[in-house]
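The first chain written gets the first letter, and so on, giving A, B, C, D, E, F, G and H; residue counts start at 1 in each chain.
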Amino acid sequence: MSGKVAVIMGSKSDLPGMGGTFDIFKEFAVPCEARIMSAHRTPDEVANFAKTAESKGFKVIICAAGMAAHLAGVVASFTILPVIGIPMPCEPFNGLDSLLSMVQMPTGIPVATVSAGSAGARNSALLAISILALSDENLSQKLKDFRKKQSEKALLSDKELVEEFAKRQK
Amino acid sequence: MSGKVAVIMGSKSDLPGMGGTFDIFKEFAVPCEARIMSAHRTPDEVANFAKTAESKGFKVIICAAGMAAHLAGVVASFTILPVIGIPMPCEPFNGLDSLLSMVQMPTGIPVATVSAGSAGARNSALLAISILALSDENLSQKLKDFRKKQSEKALLSDKELVEEFAKRQK
Amino acid sequence: MSGKVAVIMGSKSDLPGMGGTFDIFKEFAVPCEARIMSAHRTPDEVANFAKTAESKGFKVIICAAGMAAHLAGVVASFTILPVIGIPMPCEPFNGLDSLLSMVQMPTGIPVATVSAGSAGARNSALLAISILALSDENLSQKLKDFRKKQSEKALLSDKELVEEFAKRQK
Amino acid sequence: MSGKVAVIMGSKSDLPGMGGTFDIFKEFAVPCEARIMSAHRTPDEVANFAKTAESKGFKVIICAAGMAAHLAGVVASFTILPVIGIPMPCEPFNGLDSLLSMVQMPTGIPVATVSAGSAGARNSALLAISILALSDENLSQKLKDFRKKQSEKALLSDKELVEEFAKRQK
Amino acid sequence: MSGKVAVIMGSKSDLPGMGGTFDIFKEFAVPCEARIMSAHRTPDEVANFAKTAESKGFKVIICAAGMAAHLAGVVASFTILPVIGIPMPCEPFNGLDSLLSMVQMPTGIPVATVSAGSAGARNSALLAISILALSDENLSQKLKDFRKKQSEKALLSDKELVEEFAKRQK
Amino acid sequence: MSGKVAVIMGSKSDLPGMGGTFDIFKEFAVPCEARIMSAHRTPDEVANFAKTAESKGFKVIICAAGMAAHLAGVVASFTILPVIGIPMPCEPFNGLDSLLSMVQMPTGIPVATVSAGSAGARNSALLAISILALSDENLSQKLKDFRKKQSEKALLSDKELVEEFAKRQK
Amino acid sequence: MSGKVAVIMGSKSDLPGMGGTFDIFKEFAVPCEARIMSAHRTPDEVANFAKTAESKGFKVIICAAGMAAHLAGVVASFTILPVIGIPMPCEPFNGLDSLLSMVQMPTGIPVATVSAGSAGARNSALLAISILALSDENLSQKLKDFRKKQSEKALLSDKELVEEFAKRQK
Amino acid sequence: MSGKVAVIMGSKSDLPGMGGTFDIFKEFAVPCEARIMSAHRTPDEVANFAKTAESKGFKVIICAAGMAAHLAGVVASFTILPVIGIPMPCEPFNGLDSLLSMVQMPTGIPVATVSAGSAGARNSALLAISILALSDENLSQKLKDFRKKQSEKALLSDKELVEEFAKRQK
């Protein structure tokens, strides 16, 4: 499965918080297309995109939106592709509104919601990759390597801290 | 303006909580049409309904939905008619999810959100009537009479309580 | 219906967040009057204003207030005109208090609540215009044009993003 | 100061939860008057009552209301008498809405808010009595006696539990 | 009743937010004593202070505290004087913790809770004054004057805004 | 890809709420295995299961847990398979704790969180199927048929309601 | 260290929810004393108990309280013994008030807070035992055995479920 | 009991907020080891550490983590040592997620949760010391001295404030 991923943002203002998503896809060499489409300002484009996404070769659709974040749910209503939602924090409710608007989908149309904000940006890409990796040996291996490097980085942080504390106590 | 109102529910399970809406419209003899349409399960019908609502003579659209309540926002994205949202309480988040999913609409597409649940059911109809009454003298007078009767009922409750307390103290 | 709109703020400190409301009304050439009136500090003025608003030609009243935001509810109790409430975020509860104080009106007296803060400021004006447009062909057309321009702006953002990503990948 | 206390409820439905208030005033033989007045359905009566309360010999005003509980704040805006608010829990937000609507009064007009629901019902009366007791030696002594009895009752519960556990362990 | 008021803060860090309290008491020439006493770090001093406050001529005790704000409740448990609580906002829960810790007192020991933070600082003093004014004609008059000035200030803000808008439209 | 799905519950008490998951898998004839494993009471079994799941032919792992719901996160830390989390509502925090414990995964280890409770139970299975369908034409068609039937059912509800209202008005 | 544990409840109404605490202590044969003492209704007894607890041989103090749950914090302010707090859920805020009132202790006086309600009742006892076990080999072994049995019970639930599903599929 | 304490952080980013923990241990000369280990990125290391902590002489384990803070619960699942959790506030939910993820442990595996953030950092160390002090006379005395100094510092703040106010009033 040589799939590509769509990354849709509800507004240009969501772009700065989404860097992590694109970094991950670049690191894994997974083709992704970034789009700005609003469930409320361009609903026909959203519907049209979602209805044709499968036939255009998309395998997973990531949606990032804030406030009453309907984007992921609306996209999911028009496609059977897995849809991943990232609740973007906005003033004044700081993402509680977008989290509940995304995750609490009624029976029948799921949205795979990840963490709010920048952690979610990276995690949405990793979740998409874990899905693509199910039928892509190469990607599966890359994801295992990524995890290993991630562990090693954490172990290194630990090692440095232990050494620093050892020095202090001399 | 002899307008009619659409009352859309996201699911059949929203119907029992919506009695107050229909009672008010009946009391005011305002024509209303009740529909069940799901932003997620029948998105094309919702879009189609909203796009043609104005031409079919609807003046106001009331949307009741629970959980990640996208219905009102989706309807509003396809029409310039005023859209009123009623957040329906569902387990387990009891309407906080539907309130935030409805009221926190991003810039450009407003939803007029009223109280959650049964108070909102009645208030949605009264709000619709206050809008229709702007160009309907008869309806305007009826609404003033309704308010007056409502006050009198509250005054009567007060009178009865005062008398009851007076009796107790003898 | 050549109506005008009242925009009431609970305090001078609400003014800076309300720019979007006045911008929209200016863009649509809808006459609006801005007032500062406090449900708690000038209750008689609020009552008097609300009671006479209809006879003075107001069609819609927008109320912006923070904290225990009673302004919209108090205004609504004295008039049958549609009342739109904007919950203004204040420290420390950041608008959750004003949202609940506005939207959760008891049966009989609705307040049409829109998003908290600056998104609500713009949306309150757009909601008022959608109400006025019901009996004003010209305004109705302007609102459709506004929506169209809004969509085109979103489509342009999308186009620019797509081009930017295309460049990066060369 | 031989004062009397007004106990205002926003709706007849608040009466069942307010038994504790009246029980306390009866126990202390403090004269109180119970009223049903709605900030939204009978705003003129509320304003009139509050404006004349001082001249009618009221010393403290207790207000119980649910949802967007404006009653206490509206009363407080028309009188300099101390106003005590009891947030009544209602479906679906269970008193969080009424608590924030009552306690978060803006600068200048305080409301003395007590616990939500039945604990608040009793505590509102005890708070009113503590205020009246400031210039009523007799009432002050009664309140001290009440506190003492309350402590003794708690001590008795403790004693009984200790004895019960002692028996179990034999 | 020529009473004085105690203003107790749970920590030195609460002092900067409490300026409004002292300003109000100064403006009304009501004698107040400021103290720093912690329910947790100096519990014996708190108990001792509360037990002897009445005999030392205090009429009202104001307590400001953040986080798990036990100060007001602990003071109230040792005195029958009215106790006013100000929930101080602290990171990370921004006053929701202190509000609930203060207002939700169990049956028998009320705390009169006012708004969180700086609005509450001023309102606590105004509430105390409204209590003292019950038996102090002079103070009662001052409070009425204060309210009047407060209204006039709000009316002036309104007038200035109306004029400003009139100018803009020329 | 003829994959199977693991459905892990944190406790036997989660089983009754999970009926919808198994119903969906049965309807789609997707093989699933149900397990009870606790992140806290049988952590070694959880780790062991997660580490070997891929090699045993599992393609997706669904985890349902309540309270501090660590199960999904812990499973995800030991496998690169997509992990879907269902926050189960428990007293007293009714699923807000399990939602936040599941969805707010730190950078690097995503959990695909769906709605809390019974809606999530069904949606978790549908999300898993949408993932499996990416490389299973047959399943993909079944999912499209399911969506169609789901729409038709909603349309039927609408039709019945419209007819019922038509009758009432005769 | 042959220590005993005090289990203090803020009110008789907390007793029914505390069965799990006493069951655990009985199972481990750890001596415990149950008391009812209210931070607000019997503050002197609480202070006296806490000040003398260490000298009476108590090693750990467990406090269960609801609403504005000050009990644990007040006890902790008078003793250096470890204090464990159980937030008891009460209407209407269902334990969010007691959780925040317990856990958010200011710097200097910690309270070891466990889960709200019945899960916390059992966990408070297990936490106390883990503390006592630090210097009691026998208790340490019992706790390990308890954990093992707990795991085995979970494994058994898993086994039964697996078998049940195996049967169904035949 | 000459025990040592482990202080585990879920991520290097938690280190700056943890200064208070190390300060307290230094002040009390209690040996502590600082580690960075992630429940999600290095789960095997966490399991291994927790399983062997007792045998390596650790008496108490402190875990600090943010977001879906599983670290403390995971550690607790592998050891019978007392585990103390510090919920670290992170954007955007500011510690409500980590608090609920830590404190709401299911029956059988307790985590002793302290205040969120920097207050919790210091309090976690003080709680650990109160546990160690149960079998360490010297430490017990130090803790009493610490408490005394802490009280004296608070008393001094009070004294300075009283003097400052006295000056102002001259």
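Rule of thumb we're sticking to: a residue touches a chain if its C-beta (ideal position, glycine included) is under 8 Å from a C-beta of that chain, and two chains touch if they have at least 3 such contacts.
All of these numbers come straight from a predicted model, not from anything done at the bench.
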Treat touching chains as neighbours: how many steps, at the fewest, connect subunit C to subunit E? 1
A correct list of chains touching both subunit A and subunit G reads F, H
Listed chain pair G-H, A-F or E-H that repeats interface C-E [over half of contact pairs the same by residue number]: E-H
Name the chain whose C-alpha centroid is farthest from the C-alpha centroid of subunit C. G
Mind checking the centre-to-centre distance between subunit A and subunit D? Centres are C-alpha means, answer in whole Å. 51
Taking each chain's mean CA coordinate, subunit F and subunit H are separated, in whole Å, by 36
I'd like the Å distance between the centres of subunit D and subunit H, where a centre is the mean of that chain's Cα atoms. 40
Rounded to the nearest Å, the gap between Cα centres of subunit B and subunit F is 34
Two or more other chains touching the same residue: where does that happen in subunit F? 11, 38, 41, 67-68, 93-94, 96, 103-106, 108-109, 111, 115-116, 119, 150
Per the touch criterion, the pairs are A-B, A-C, A-F, A-H, B-C, B-D, B-F, C-D, C-E, D-E, D-G, E-G, E-H, F-G, F-H, G-H
Interface with subunit A, subunit H side, in the complex: residues 11-12, 15, 33-38, 41-42, 45, 67-68, 91-94
Spell out the residues on subunit G that touch subunit F in their complex, using ranges where they run on. 89, 94-96, 115-117, 119, 150-151, 153-155, 157-158, 161-162, 165
For subunit B, which residues are in contact with subunit A within the complex? 10-11, 38-41, 43-44, 47, 66-68, 70, 73-74, 76-78, 93, 96-97, 100-106, 108-109, 111
Enumerate the contact residues on subunit F facing subunit A in the complex. 1, 3, 20, 59, 80-82, 84, 99, 103-116, 118-119, 122-124, 126-127, 130-131, 133-135, 140, 143-144, 147, 150
